[in-house]
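What follows is chain A paired twice: with chain B in the first complex and chain C in the second.
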Partner chain A sequence: MIGLATRNFRQGRARVALTIGGVGLALTLILALDGIFAGSERQITAYLDNSAADVWVSQAGVRNLHMSASALPRGAVEEVAAVDVVASVTPLLYVTGRVEFGAQRNLAYIIGLPPDAAAGRPWQIARGTDLPGPGEAVVDRVLAEQAGIDLGGRVTILGLPLTVVGLSENTITITNSIAFVAFADFAAVRPGDAVSFVLVQVLPGASAEDVAAVIEGTVGGVTAQTRSAFAGQERRVVRDMATDVLTVMSSAGFLIGLAVMALSVYTATLSRRAEYGVLKALGASSRFLYGSVVIQALLGTAGALAVGLAVTVVLTAVVPRVLPGVALAIAVDSVVKVAIISTIIAALAAILPIRQIAGLDPATVFRKGAAP
Partner chain B sequence: MLLSLLLAGFESGLYRQLAGYLERTPGSLVVAQQGVDESLSVTSVVPTATLDRVDKTVGVGRAIPIVAQFVILDVHDRKQPAYLVGYEPGRGGGPWEIAAGREPAADDEAILDEILANRHGVRLGDSFDLVGERFRVVGLSRGTSSWMTSFLFVRASAARSLLGAPDAVSFVFVTAAPGTDETVVADRLRAIGGLEVTPKAVMIEHDRQVLARVFAAPVRLMTGIAFVVGSLVVGLVLYAATVERRREYGVLKALGGRNRTLYLATTIQALVVAIAGAIAGVGLTAGAAQVVMAARPEFAVTIEAPALAVALAASLLMALLGGLVPARLIAGLAPADVFRR
Partner chain C sequence: MTAVTLDLRRVTKRFGEGDAEVVAVRDVSLAVAPGEVVLIMGPSGSGKTTLLSMMGALLRPTMGSIHLDGTVISDLSEGGLPDIRLHHFGFVFQDFNLLSALTAIENVALVAELAGLSGRAARTKAIGLLTELGLGRRLDFLPEKLSGGEKQRVSIARALVNDPTVISLTNRPQTWTAESATRSRGCSGGSPRNRVEAW
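Here is the complex of A and B:
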């Protein structure tokens, strides 16, 4: 059965290539979109993950950085600092705004850093400093290079003309970059004296979870989360927003893959109709013939899955170079999902040829000569 | 083709949905913090003292201040982004269609989008938490949803308190008084200082550009893959058709039919397949769009003429590429084989 299936499937190299390529790319559609969202999840938490803060303190009820605003009274900074086992506190100002490199405008998280910031600084610097002073800014290297700006260049952030003193790495995502300015500059254009977040470092050996709980218990009007809990909340934003889109795209990829595979197995069966008729006439059981069709479909989807994965791996390497800010990450659960989809495609694609074989009259084969 | 059109449809539908608020709110000029000429992605802070000066500017017929900010709602263990709009019910800036209930009369009252509310089983009178405060749903708005975000309306004073900005608004929608030149009013407003005054249509276009920057890369990638898949499908269909008629092609070759004639035949077949596929693709996309929008009303799929033209052009290109495969098959066909078999 396997020999027959393999031989039938391999006949017509062009058809095999088209089938595996077509289904493989249909699966790539699913894998690539999954990969974009998985990559976005990593990107969106990069600042939190590398913030060097053990606990993030925000306005009560604010559990996200993305698409959020937080305002804490200045007094909260001292109250948090007074909590036992707190080693350092760094007040941050934060807003979603624009970085203007001449005519080029980019969306950015704007972070206002105090001069003694113990946490929240850019974590990887390509050139220059990681802590901007008044009138200065640290911006993403890729965006700066695209705009032809280097250290000493001028950018406009929050409406302020600033000098670039640092170029940071890995501070660009699919939606925005991260730009750092001096706390004083930020505060000057923001009414009131609130801060956005307080970043807390705890003493060695202390539990971040415990400190977060103590801060929430003792400082009024705040939400305190460990760095990992905060990052988890950020990932959920991407995940929850992506679910519907991924479902639609997965369905489209599934239908396209199914159409290609069904067409291919149908063609293979059609071109070997005479052989199937002969096998039937010689007493081959229907189960044998059906099995060979299913195996053909499985061979095709296995090949397609391999192609889909290979193309996605290539995309993960190529896309970030071609489209800065877009990162793809291949997640295990995505591969498992696509493998399941492939198996379903194989099973469904076999139905039509099976019906074709089932309706095949061996006598007809001999009457017609039956060459396709 | 279906996939390309569906992706383009999602993208343009999203733009329309998110532009809905600006389009429906009265006013032809949008006043914001200096340097802010887009509404969705950037935070704007205009001091209330400046708002008073806007109100008193000669030629300003109507000024609608709003406090606006993206927020993340935690509903039913899901993160739901929402665009919070704080407005003064007497001045405007709220929802343009209330499907049920009324406008908020107190600072702990809110209007939720009806699709968002239905999706999470929220009804009039129910309560929800927003940035640490409890709000009661007193109204449900219509036409204020998208898959990315929904609009959420509270009183301006409640929004100021939530966002920790008691003395500020975000944007002011200005309508010039009858008989007053809008550009003159805009210049007078700019003269106040610290303000960006942008025609509403321009702000809508800027919002669209920001969204396009976010979505363009993944959509382009997906559309590119869909294009290659489409070419392969056309190739496979024609390959199947050629395999079925291999004998006939062989006979034609044996009778002196030139390869060029046979290539022409497969190219015409390819074009027929492409045109039929394009027609089917448009129909299927329209059907799929209806299914998606019926199942998930927060999605809007808008198929626009330029996207249609691009998809049609792409399908013709796919046909030409797909036609190469059977052409190769025919080229390698030996006429004698037909008779041997």
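Here is the complex of A and C:
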């Protein structure tokens, strides 16, 4: 069965190439979108993941960074610091704003860092320092280079003209970048003396979960989450925002792939209708005949999956070079999902040809001209 | 073994209903004994192909019964007929009807594999038959690379590979070569006990 299916599949190379190419591109659409989504997720939580904080303390009810605002009274910083096994606390100021590189403006998470920040600093620096002083800023290297700005260059953040003293790596996402300024500069333009978050480092051996629970129990009006829990909430927000788009686009990819594969298997079966009739007449079982069609469809989708994966791997290397804010990451669960989708496409694409074979009258082979 | 291998008893085949009804075969009885060669001849449209289809378990009669070695094959369910065809009948179709994607040896071996032979055993048997039929140097040729006579001999090897009880040849084509006829008669790889030919 496999031998016949393979030979039948390989005959007609143009059709095979078109099928694998067409379905492969449809699967690429799904894989690439999943890849962009996974890459964006990693980018968006990169700051949290690399914050060096064990626990993030925010205003009660605030569980993520994106599109949220948190305000904690200054007193909360001392209260958190007083909790047993807390090694350090870093108050942060945070707002979503703009970084102006001359005429170029970019949306950014603006982070206000105190001079003794033990956590929350940029985690990878290309050039310069990772801790801006008053009148200084650390900005993303890619954006700075696009604007022609290097160390010593001028940017405007929160309406303040600042000097670039550090260029950070991996602080750009599909939607925004991250810029770091001095806590004092940030506080000067922000009314009140509240802080946005308190980043906590715990003593070695202490449990971050336990410390978070103690902080929530002893400090009023705060929500304390471990770094991973906080990043998980951030991912959930991103997922909620993107799920509908991903579902629609994945469905489109699925339907395109199904249409191409179904058409290909159907026409291939139609062109061999007489030969299937011969096999029926010779005594091939329905299982053999149907299996042969399904294997051809599976071979097609397997080839298409390989093409889809190969193209997506190439895209993961090429896209970030062309579009610095866009990163693709191929996740195992995405590949498994697309493999399942491919199998479903193969199964569905085989239905019509199988119905056609089922309706074939084996006695037709006795008639002249039944086969080419 | 019964004295009669293939026995048709008052077989009738009707197609369509009412005014559109066509009686292709009417009340035919026929007994084929072991070793017997039967030729069915008649003008076009006289029902030869329909009769041969029923005798080959490809079509079930509307009335009457067909017995093969004592088994009433006309009473078998649709699902039981392929097995009967595979193990008891060898067909040589008028257009040879080889599978275009398979080589000569694969066309023959496939039918043996369908009957349950292992891939290796099927191949060995196919090579033996094709070599006897003078196609030892054409084993790996696709049908498109074979001449009409060679295709015919591959088709004969395919019909013989499962040692059928009955071999059936339809409308002997004009391309039926003397070599094919001679070789197939002397072929030891398959020795059907009966041959039914429809011209």
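The definition used in the following text is that the second predicted complex is superposed on the first by the 355 of 372 C-alpha atoms of A that agree within 3 Å, B and C clash if a C-alpha of one lies under 4 Å from a C-alpha of the other, contacts with A are read in each partner's own complex, and residues count from 1 in each chain.
Keep in mind that, in the parts below, contacts are C-beta pairs under 8 Å (C-beta built on N, C-alpha and C of every residue); 3 or more make two chains touch, one makes a residue touch a chain.
Just so it is clear, the model here is predicted, and its values are computed rather than measured.
Asks: Given the touch rule stated above, what does A:190 touch, chain B (first), chain C (second), both, or neither?
Replies: Only chain B is touched by A:190; chain C is not.
Asks: Using the superposition on chain A described above, determine whether A:46 touches chain B (first), chain C (second), both, or neither.
Replies: Once the two structures are laid over each other on A, A:46 reaches no partner at all.
Asks: After the superposition on A, what does A:3 contact: first (chain B), second (chain C), both or neither?
Replies: Second partner only, chain C.
Asks: Counting only touches as set out at the top, which of chain B and chain C does A:279 meet: first, second, both, neither?
Replies: Second partner only, chain C.
Asks: Looking at A:198, would you say it contacts chain B, chain C, both, or neither? Reply first, second, both or neither.
Replies: The answer is neither, since A:198 touches no partner chain.
Asks: Does chain B (first) or chain C (second) touch A:98, or do both, or does neither?
Replies: After superposing on A, A:98 lies in contact with chain B but is clear of chain C.
Asks: Per the contact definition in the header, classify A:68: touching chain B only (first), chain C only (second), both, or neither.
Replies: A:68: touches chain B, not chain C.
Asks: Who touches more of chain A, chain B or chain C?
Replies: Touched residues of chain A are more numerous for B.
Asks: Across the two complexes, what residues of chain A are contacted by chain B and by chain C?
Replies: Of chain A, residues 371-372 contact chain B in one complex and chain C in the other.
Asks: Can you name the residues of chain A that touch chain B in the complex?
Replies: Its residues touching chain B are 12, 14-15, 18-19, 21-22, 25-26, 28-29, 32-33, 36, 59-64, 66-72, 95-98, 100, 107, 156, 158-159, 174-175, 190-192, 194, 221, 223, 233, 236-237, 239-241, 244-245, 248-249, 252, 256, 259-260, 263-264, 266-267, 270-271, 315, 319, 323, 325-326, 371-372.
Asks: Could you list, by residue number, the parts of chain C that touch chain A in their complex?
Replies: Interface residues on chain C, with respect to chain A: 49-50, 52-53, 56, 58-59, 79, 82-87, 89, 91, 93-97, 99-102, 106, 110-111, 114-115, 158, 170-171.
Asks: If we count contacts the way the header does, which residues on chain A are in touch with chain C in the complex?
Replies: 3-4, 7-8, 10-11, 272, 274-275, 278-286, 288, 362-363, 365-372
Asks: Show me the residue ranges of chain B that touch chain A in the complex, using the header's touch definition.
Replies: Contact set of chain B toward chain A: 2-3, 6, 10, 33-36, 41-43, 45, 47, 69-72, 74, 78-81, 129-133, 147-149, 163-168, 210, 213-214, 217-218, 220-222, 225-226, 228-229, 232-233, 235-237, 239-240, 243-244, 246-247, 292, 296, 298-299, 325, 328-329, 341.
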